[in-house]
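There are two complexes below, and they share chain A, which is joined by chain B in the first and by chain C in the second.
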Partner chain A sequence: MEPPKIWRERRERYLGIGIICEDCQKKNFPKTRICPDCGSENVKPYKIAERGTLKYFTQIMNTGDELIFNTPYIVGLVELEDGIKVTAQIVDCDFKELRKGMKLEKTFRVLARNGKEGLIKYGFKFRPI
Partner chain B sequence: MSEKVGIIAYGIYIPRNRITVDEIASIWGEDANEIKSQLQIFEKSVPFPDEDVATMAVEAARNAMKQWGGEAEKIGAIYVGSESHPYAVKPTATIVAAAIGAEGETTAADLEFACKAGTAGMQMCFGLIQSNMIKVGLAIGSDSSQAKPKDPLEYTAGAGSAAFLIGKQDIIAELEGTYSYTSDTPDFWRREGATFPSHGQRFTGMPAYFDHIIKATKGLLEKIDRKPEDYDYVTFHQPNTKFPLRVAKMLGFSKEQIENSLACKYVGNTYSASSMIGFAKILDEAQPGDKVLVTSYGSGAGSDAFSFKITENIEKIRSRSKTVQYYIENKRNISYGLYSRYKGILKV
Partner chain C sequence: MSNEVYIIGTGQTKFGEFFNLNIGDLASEAVNKAIENAGIGKDEIRTLFIGSTVSNSLSQSSIGGICTRSCSLSSNAYRIESGNASGAAAFHHAFLSIKSGLYDVVAVLGIDKLSDYIQNGTIEKILASSIDYQWEYEMGATLTGLYSFLTQAHMEEYGTTLEQLAYIPTKNHQNGVLNPKAQYRYAIPLEKFLNAKRIADPIGRFDVATPCDGAAVVILASERYIENKKPHSYKVKILSSSAGSDTLALQHREKLTELKATRLAVNDAYNKAKISANDINVAEVHDSHPIGEILAIEDLGLVPKGEGGKATVEGLTALNGKITVNPSGGLKARGDPFGATGIAQLIEIVEQIRGNAGKRQVEDVKYGLTQNVMGTGVMSYVSILGRGDN
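Moving on, here comes the complex of A and B:
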């Protein structure tokens, strides 16, 4: 939870900014300097889709101090409408309500709090539509 | 007023959890029916542990952006009013700016004036736009209010957010006038570092809520030469349902003029967002030509009154984002045990 890292990654976490390769046209998230598909350095920022489908999910019961306020929490693999797959927390629902193929949309939540006095890390999670 | 200014879009957010008055009363052995008949509130909203004033402000702002359809770079001012900002030092407004893609050439600040900090931001945006300093402004009221267990406030202290985009182009609710009344009245406060607010019990009524709302509303009506019966809708700050109904009657408004705006029955007192959510609920159903009067109240104390005329543009933007009713209905009820964990009363 160092300030430079939180600052550097804010667009990625707040807005879902990944990359699109101008050579092979493949989209990727999280962002990288080099296209992971063709190795080109000719990449530009790309905002991932707002909605997607739940592919796989699990519930985390135990965690470190940073996330203990939020346990148990659900993590899912979400296939977005633009084909990108992301791993993120699924919120606003109980574990027993989840089904494969459920439609989800992005929401803005607290990802972690660094104790009582440290920084708060914000970013996207998904909730059922 | 020289050039027309007004609301160009709005959005709200209310967390999904609710706790009923019955559930809280059962913990303290109090008579739930008596409390419900006094306050006329049935349940209140409770944020998840991963929600705070910043996340709710972002959700409301994004709903307003979706309704507007304009570019975030055009926003020249962002104000977030709250009495429960997540940081004591470090603005919520910059988090909102980044999360809606409006970082860069814009001014931003957090405001604090108990429950009227959101409408104070609206007034600032109207001023900046009318003086041609900015083109579009974003004013947000967002709160996740705290209440000491067993305090009467525990039945009503809810959470929610409302965001209003203000500008000159494609106005949905044109500003006809605004008037504020302020005095140093110690009815409700929280000292630096204190976890829970304190209040002056019955002192929060007559010399505080009622006096300020009445003076601001009457001041506005006189200033723009209007009478209560000229309005189709009216809303006031909603600390419970009883207070706004009573102040409406004292001012000469009918129950029909205010009734539909009273979201507090189902979500509690959303503090800085309260009168703004009431206004949003009116905008969800108002027709072109309707006249709307909104008066906020912030302890400490002050009231901002606004008069609006709805334009035909309201029809175009209406279906673009979630309504107040959607958020009222999208809920799940929780126990006092889960509530105390979510509110941090129960510590891990």
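Moving on, here comes the complex of A and C:
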């Protein structure tokens, strides 16, 4: 949980800013300096869609140190309305209620905590609509 | 004279939890055994290629000097890292160093010591370094969580069932009973896998290979060296050593029902070895999770796509089945000291070709294959070995 890293990622984590390529028109998240699809440097910021559908999901029982406080939690692969896919936690619901193809929306939450008094990392998760 | 590359010696520690041994202790046992097996002098080794994911500790990632001192070697030594496939990656570079004509004798050490770290905390964080740490792990996924997505995708597309999946570790534990180097030398009944608590649904708590301690070494030599020095050991020919890649994160893949990196690597490996999947008698594949073995045998072309589960239930991949898969017990029963796994796979194939595999010996082995995978398949290494006299 390095402060410069959290600061550097703020636009991606807080706003969901990726890129769109002005040459091949492909959208990508997270951002890269050049287009991963065609190699063009002609890319501009692009805000990913707020809504999507649930492709796959599971309930995580064992995880790394900074995420343990949250277990058990649900993580899913979400396909957004603009075709971009992201991995994110699914919140405000019960594991048993989730179904593949469910409609979800992006929500701003705590991602990880560095102990009781350390830094808190924020980012996006998804919740059923 | 051509520039063929041979394996002339192997050495391996038992795999398991060794709280009283450090990385140098494990390395020296495996290196000394391999040198004795090859019948060469230590001073003949030009470079020690080390495949290690975590190394000595999270603070000493450069372990070349630790290993040369504890093994009493004076060669160059450095670490090659490719996540859980570090052993196979180191082997690939060792192969290239001889194939290029630069060196005549090199050693490859696969090693990791994971019993120092706790599960549900540090181990998951270490494994997260082989997936997309920023956009998978930090978002909440774990390696096993992502393997759950791969499992679901296969179940959905091909109708693979939980019961079919449970046959994989059941078979591998049966084989592990016959392997003196394996960590778990006992069979586990199918029901135990099916009834276990889910740790990342549909993956159960007994489905996943256990991170442990271990070291494994192979000694490689050039054709020129063998003709001049005529070492006494039975040589095994490396017909090909190939690598393939895919995206790091699952979310950037077109489909989750295949291991593209494995498919690319094996196509290259079959071409270079001038053989096809039908010629393979025995394979050691990356069964860190049950779906890993199903994807492997399909994408290596050993069974038709989508039929990995069915083939396993029918016993086609059992010991002395149509094609024996993981006679050593695989990662599941042998234990998984990440960097050592890729080398232990090669050693199993060498033993099978030499006819030294004891009770798990496959009949009449001509060609064997290994497949080692990083993370969820971002990098994959495939090697094909054959008899030294053909």
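The criterion applied here is as follows: the second predicted complex is superposed on the first by the 129 of 129 C-alpha atoms of A that agree within 3 Å, B and C clash if a C-alpha of one lies under 4 Å from a C-alpha of the other, contacts with A are read in each partner's own complex, and residues count from 1 in each chain.
Keep this in mind: a residue touches a chain if its C-beta (ideal position, glycine included) is under 8 Å from a C-beta of that chain, and two chains touch if they have at least 3 such contacts.
Keep in mind that this is a model prediction, so the values were computed, not measured.
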Which superposed partner A:88 touches (first chain B, second chain C, both, neither): second
Partner chain(s) touched by A:68 [first = chain B, second = chain C, both, neither]: both
First, second, both or neither for A:40, with chain B first and chain C second: neither
Partner chain(s) touched by A:25 [first = chain B, second = chain C, both, neither]: neither
Contacts of A:108 with chain B and chain C, given as first, second, both or neither: first
Partner contacting more residues of chain A (chain B vs chain C): C
Touched partner set for A:11, first chain B, second chain C, both or neither: first
Doubly contacted residues of chain A, that is, touched by chain B and again by chain C: 68, 70, 89, 111, 125
Residue ranges of chain B touching chain A (in the complex, touch as defined): 16, 48-52, 54-55, 58-59, 62, 86-87, 95, 98-99, 101, 344, 348
Chain A residues touching chain B - in the complex, by the definition given at the top: 10-11, 14-15, 68-70, 89, 91-92, 107-111, 120, 122, 125
Chain A partner contacts - residues on chain C that touch it in the complex: 119-122, 124-125, 128, 132, 134-142, 144-146, 148-149, 152-153, 197-203, 249-252, 256
Interfacial residue positions of chain A with respect to chain C in the complex: 9, 30, 36, 55-56, 58-65, 67-68, 70, 73, 75, 77, 85-89, 95, 111-112, 121, 123, 125
